[in-house]
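Structure first, then comments.
By letter and in written order, the chains are A, B, C and D; residue numbering begins at 1 in each of them.
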Amino acid sequence: MTNPTSVSSAGSWLLAALLLLPLLGAVVVVALRGNDGTAKAAALGFSVVEFVLGLVAWFRFEPSGARLQQSFSFDWIPSFGVHISFAVDGIALVMIAVIGLLVPLVIGAGWADKLPEGRSKGGFFALILLEQALTVGVFAATDVFLFYVLFEIMLIPMYFLIGSYGGQRRQYAAVKFFLYSFLGGLIMLASVIGCYVMAGNELGKGTFDWATLVQVVHDAPLSTQIWLFFGFFIAFAVKAPLVPLHTWLPDATAEAPIGVAVLLVGILDKVGTFGFLRYLLPMFPDASRKLAPLVLVLAVAGIIYGAMLATGQRDMKRFLAYVSIAHFGFIALGIFAFSSQSLTGSVTYMVNHSIATGMLILVVGMVIARGGSTRVADYGGMAKLTPVLAALFLIAGLSSLSLPGTSSFVSEFLVLVGSFPNAPVYTIIGTVGMIFAALYVLWLYQRVMQGPLRGNALVGAAGGPGTMVDPEVGAKRAIGDLSGREKLVLAPLVLLIVGLGIFPKPVLDIVTPAVNATMCQAALVDPVQAVQSGERQLQCR
Amino acid sequence: MTPTYYLLLSALLFTIGAVGVLVRRNAIVVFMCVELMLNAVNLSLVTFARINGSLNGQIMAFFVMVVAAAEVVVGLAIIMSIFRTRRTASVDDSNLLKY
Amino acid sequence: MTGTINLAAAEVQQASGVANAAWLLLVLPAFGAVVLLLGGRRTDKWGHLLGIATVVAAFVYGLILFFSTTSLDAAARTRDLHLFDWIPVNSLNVEFGLRLDPLSLTFVLLITGVGSLIHIYSVGYMSDDRDRRRFFAYLNLFVAAMLLLVLGNGFVTLYFGWEGVGLASYLLIGWYQGKDFAATAAKKAFLMNRVGDVGLALAIFLMFKNMGSTQYDVVFAQIGHQSTGVIVSIGILLLLGACGKSGQFPLQAWLPDAMAGPTPVSALIHAATMVTAGVYLIARSSPLYSLAQAADARLVVMIIGAITLVLGCVIGCAYDDFKKVLAYSTVSQIGYMIVAVGLGPAGYALGILHLLTHGFFKAGLFLGAGSVMHGMNDEGDIRRLGGLAKKMPITFVTWTLGYLALIGFPFLSGYFSKDAIIEAALAEGGTRGWVFGGIALLGAGLTAFYMTRLLILVFLGKPRWENLKSADGRAYHPHESGPTMTVPMIILAIGSVAAGGILSGMLPEWLEPAVGKLQEEHGPLSATVVSILTVVISAIGAGIAFALFGRGEQPVARPERVSFPVRAARADLYGNHLNEALFARPGVWLTRFLVFVDNRGVDGLVNGIAAGLGGSSGRLRRLQTGFVRSYALSMLGGSILVIAALLMVRFA
Amino acid sequence: MSVMTSVLVLAQAQPAQPAKIEAPPIGAIWPILIVLGAACLSVLFEALLPRHLRWPAQVALALLTLAAAAVKLVTYVSDAPAAGETAMFGTLAVDRPTLFLWGTLLALTLGAVLLIADRSVEPGGAFVASAAIRPGTVQDRAQVASTGMQTEVFPLTLFALGGMMTFCAANDLLTMFVALEVLSLPLYLMCGLARRRRLLSQESAVKYFLLGAFASAFFLYGVALLYGYAGSVRLSDIAASAAGSDRSDTLLFAGMGLLVVGLLFKASVGPFHTWTPDVYQGAPTPVTAFMAACTKVAAFGGILRVLQVAFGSTQWEWRGVLWGVAIVSMLIGAVLGLTQTDVKRMIAYSSVAHAGFLLIGAIALTDKGLSGTLFYLLTYGFTTLAAFGVISLVRDSSGEATHLSQWAGLAKRSPLVAGVFTFLLLALAGIPLTSGFVGKFVVFQAAVASGMAPLVVIALIASAVAAFFYLRVIVLMYFSEPAADGPSVTVPGAFTTAAITLGVIVTLLLGVAPAFALDWAGSGVFAIH
């Protein structure tokens, strides 16, 4: 079976290209920002090529091969043992692929958005490409120092994306987002330093190499582990976000432009849960086990709390944020329930949440673009005017409530079925969360899409009360259904939602070996062993 | 009479100087209080030289005097310029820079 | 008892021959749905035909499969068709496979058969709707999901279909989405189903935890080795799932509201097929429920069934809405089935038998109701109908046949299936037998009462509609429906008449590989006595109805000054009030409270810290007074502190 | 040349046999000699050259001096003994940290001199034409419009630099005291030389002077007490006595306390920071830049040496107290910075917070702590220098527009300046890929390694709080609409451009590729003789 620390550098050029291409793209797009059209085309071009590269990386990845593949490394700060080293395992790879998928869609979705006065499309897309490069780096970094650096750096483009291109309260939201994450990151820095110092004491020379640190730190005494655990945990819990460290997300999501909200929820936040898997479990196995109940409480609290608050929101974008908080509760539940099923479920949840919630956000953005308001109360009966939009809204919503047949079901099922043996009570509460999920999704769908026409924009478009025209015909003329571009943006997501719902094996095959390796590193054993035969059994070398 | 009394006297003078800096308003007087503190130190230095039986302390006292003199030059120049501007030497009147 | 079951579970063959193409059953209707949904308006012209064609094709294939199976040995009739590994993660392997056995094939025929008829019926019924194509897409989607539900070879594939039919049901209940009540009813149906789904999901988790698999073959092979606690828990959780889908107490409230959908939907989904999925689930899990350790779970099943049975009857007596009366009738008939399958080996086949006959006559009744409403400007208030027998003769005849079948008129379908259940319940023996048998008998009487009331108020008596106008101001011009609607009704009526007699003999034996041998036990009363008793009680019920409603004029307006039982029944026996008071309102309050906590508490804390820092900063900066002497003071103070601390550390 | 003489006299007092005096080896201290010599020459320039020649001559002399000193430094470094050596009879220790600090000071002073010399941003330079002119008078208004400037600022700068270099090399407390005064007195004067807002400038000079003198007295009293304790003011002797002396420890700790207070004052560590905001705000911006960057370097150079060399053996007694001081400083800097409305004042409070961070490194008392603090000083110096350089560019009709509200929407007016300032602010906040992050990292790393993890956590929280006020400026510049009559951004001349570029490049370089500088900073430890 996989050796948790084995590394293969075949195909490292691919990873290097994945990292550098968006960076190059950002530079080119900034250079072209004088002309909106060229800048947009360039941004889209770069992001599409990046996506293709991501696919190539996916297909060149050998699930049964080394844990870390396509690796490359060179010295950065030799006196501190800092390297610039990147590699991917199955978990990182799927996340990088998701980034590659979402960015072109976000660019496509933002194609015709009106930006605040004085801001250029080029700058907007360049920042998005920059953010892409940094997030790819975060997932691929195998040097903890490098990871930290990228973890903090990636706040900056996002800060500007929210602050420069966001809504009314964008300043507040941007600063809140930044400070929250930055504080979390700084606390993590303390732990990073702690690990480094431990390695220095143990090995004679400090190192930041992830695999080495795992070896060094995971035998540390429990009390030390707990302190170090908390440093990382708080950073990741802010990013994920877990209740009660979540309050930046609704503000940030509400104020961010739609595409940025997709990146924020779909990619940036995943770094937190990715960190749980990549750093907390392997490096602090004892502390993870000890503190699992705490995390589980926060996780299920998030599931219920996020869901209830989602139903209580009046603003659609805030609604989306709370929905995500509930979903992140599931991811955290799966990770800290310590079975290979639940862990695999969490990883696929990360992927599927990006796809499903990403789509939901994009769709809501299209609704908002038509109704001109983010308030739920300003909508009603849109399905009559925009049936295609309504259908896609429903698909995204159903995926969000994890209907079987959508990809989210596979992950939610895995999380819950895998969590149940180790954490039955938490799982039961989490399962009850399914009801809430249905409640908030269908509530929003009903308010926005069903019932009679409501809201100033829609009724106004219909010509207002008392006009001779059939109000629906009038409104239909004023508020069009999805354009070809919008359909093109959503189509890949729908395909993936359904495709991975029916046939998730390609993702599972890539993720499971990495999860198994993580389980081995954390010295975790599956609570349910195979009944049919031993071949599916988890074996650590 | 042990040297300790000189040390106590020096401490007392230093304290008087310090308190003077705190309670006096006139910049010149404040500055004189600082000089008093320096000279209190000189007394200590000399006393310690005596106690230690080496000359170093006394030599140092000379250094201090020289430095104090240099300080006076700079200090009076600054106080002078502000006095010319404000027609007062009260340090409390200079509080444009605050918070 | 367990021996035969485990034997059945162990003897799963790999499907071969014609059965290899069983995936067609899923793909055909799904293909139709996808084409119709993606095709958009381009498919308007021929969309309904495609919908019908795919379902009929599935039916034909189902028939071929059925006959190819009957040609096999009884032992070889249980077959698995592995399609692909769906969710394989280490020790968990959720297969995507089909279980082809007598039970699932029976359902395949029911679903595709009734489904085909209702598709055909819908062509006429929905002819005025410009979105008819989409309606067919949804129906196809439903058929596909329902087939997956019954064909899946594991609990997760079943769950897939389970939620899939829920989705189709949601879409179709909310068909008239411009109307708030339809949207709300759809949402309510989905939510209450989700409550049940949680039970099903938890049962699946328990299976994985204890048996390491969720596939039927493994689970049924292992279930005998589990502790009683596990078995009873799984049994009750599965029942919770069944309650949700089948509208059983306490999750019955959504089904009557679901009548907001178009009538063919009510017939297909909310009468004949989907709502009986709970019965299927329990019959499918017969290896579990048949265990001796599962006796408590079976008892709970029966109690739930019995409560629902009575509940449905009682409320059915009070409603004035044509379809809602039928809906509550469905609720109560499913109660019968649940009671039957709760009996264990003595009842699985009977439950399925009643399910099938009910599928025929209830679908027929709904289609009849649809036909009436179609001809009456969608009027559903039976107090505004009356005397329609002459205007709609075919509808009247077919409906009446269905009615007779339902109330158990001798030698029609219901007579065979319902009597058998009552008899089996009585045969349970002891007090339990008397209680459940008694309730079942009482239910038969009530059923006869409310159905007769319906018959009288709709088809007989005076045409009260003559002097009325419908809500949109049109006068009523009742007329018989076209052939696309009447033909299915006729076929279903034939089924209602004959199905019971034909099936009651063959079905138990045919189902044996799936649910075990039907154990006929003899209770305190002989079969003949029970039959006579049932018929008599039903006749009494019908007679009372005639006595009350058959004579004299019926008021068009609903009498408001009525006795408490009627008021309670009209209020759904306060089921909705209970839900409202226990869940909805506290939920709303809790949500508001949490929103407040989140804004003021959690976020307030964050902003409070920020404000606190800012405030203290604003106050502390005042210490920077600008007076040089105060600076000196702070320096002196700091120095004293530092020195004092140093000395304290040194000398303390 | 007072330092030289003092050193000689003191040295004569020490040896038992005065007959053996030889000419002191001066190879190691050429940089100091060059700087101080040039300072004297510069005074002569002031006296002898005609007014119109002074500015070019002074600028050329200052730049040449710095270049020559740097060349001497570099040539010396290449063959300097690794363990360091002492010069001037042991009064100056020229060891690796000293050389690093000298290099840092020379480079920072280069930047400062460029800012001081600039005459394009403010026509005629940032300095008053003649310090004798009274503010508010007709002459004052005339001098604002004139192009002349008080070129005495150049010799003053060089003297201050000489004092700083001596200060960080000083191996005994008397040398240190004299160096302290040599670096301080010119700075007091320079603060009062602003061309505009002269009242504020003079006020800052008075405050700085009075408080500085007050602090010097503390320092000196500490020296006296330590002399009483150890019988010597040489750092190594004090260390030896602390290890085994029969004198009362009261003398040791009281002396140390007073000494340290004097040093902390110079380093603007809270609660001895009170002068910092007022002086930073009031002083001419180039001087503020010089003061913020170089004084901090020199002061912490002294603190490091005193703590490590003289008090290393007693660290368990005093370390806790300095923990407290560091915490107070970080919190004061971070919290009070939140509500500042003046950019320069805000950076002043930032410097108080940074002083707290630096103190953490200084009390780590390990090689890592030493090298980390040295590196931090390097990074902080350049970032601050560049930041004040940028501040000097944003002006309206009445001079520099330092009120934060005037910075709103700056990014629209001048994206480049806003971008550069944003970068510098991020560096001050310690965002990765800037030198500020690497500096914090190495310091905190050393602190954790020497068991100060809780202090590091507090420091990190303080960094997060401080990040808020940096962000606030970024928010203002980027996300706010510019005021209609807001300030304009002056296109800087070559000097200021060069200074800012220097600071920005170093900030970036040390953030991205800090390896070489870290190696320098860690190449050796204090020489203890």
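The rule is short, and it goes like this: contacts are C-beta pairs under 8 Å (C-beta built on N, C-alpha and C of every residue); 3 or more make two chains touch, one makes a residue touch a chain.
Here the structure is a predicted model, which is why all the values come from computation and not from measurement.
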Chain centroid nearest the full-protein CA centroid: A
Of A-C and C-D, whichever chain pair has more C-beta contact pairs: A-C
Centre-of-Cα separation between subunit B and subunit A, whole angstrom: 65
Computed distance of Cα centres, subunit C from subunit A, in Å: 36
Whole-Å gap separating subunit C and subunit D, where each centre is the average of the chain's CA atoms: 79
Subunit B and subunit D: spacing of chain centres that average the CA atoms, whole Å: 25
Interface hub residues of subunit D, defined as touching at least two other chains: 206-207, 210, 214, 277-278, 468
Shared-contact residues (touching 2 or more other chains) in subunit B: 18, 21, 30, 91, 94-98
Which chain pairs touch, all of them: A-C, A-D, B-C, B-D, C-D
Residues on subunit B engaged by subunit D in the complex (per definition of touch): 7, 10, 14, 17-18, 21, 27, 30-31, 34, 37-38, 40-41, 44-45, 47-48, 51-52, 54-57, 59-60, 63-64, 66-67, 70-71, 74-75, 77-79, 81-82, 84-85, 91, 94-98
Residue numbers on subunit B that touch subunit C, as the complex places them: 18, 21-23, 25, 30, 91-92, 94-99
Residue ranges of subunit D in contact with subunit B within the complex: 2, 6, 9-10, 13-14, 131-132, 134-136, 174, 177-178, 181, 185, 188-189, 192, 198-200, 202-207, 209-210, 213-214, 216-217, 220-221, 223-225, 227-228, 231-233, 277-278, 281-282
Subunit C residues within the subunit D interface of the complex: 610, 613-614, 616-618, 620-621, 624, 626, 628, 630-632, 634-635, 637-639, 642-643, 645-647, 649-651
Residue ranges of subunit C touching subunit A (in the complex, touch as defined): 37, 40, 84-94, 96, 156, 159-164, 167, 170, 174, 177-180, 182-184, 186-187, 190-191, 194-195, 197-198, 201-202, 204-206, 208-209, 211-214, 218, 222, 587, 590-592, 594-595, 598, 602-603, 606
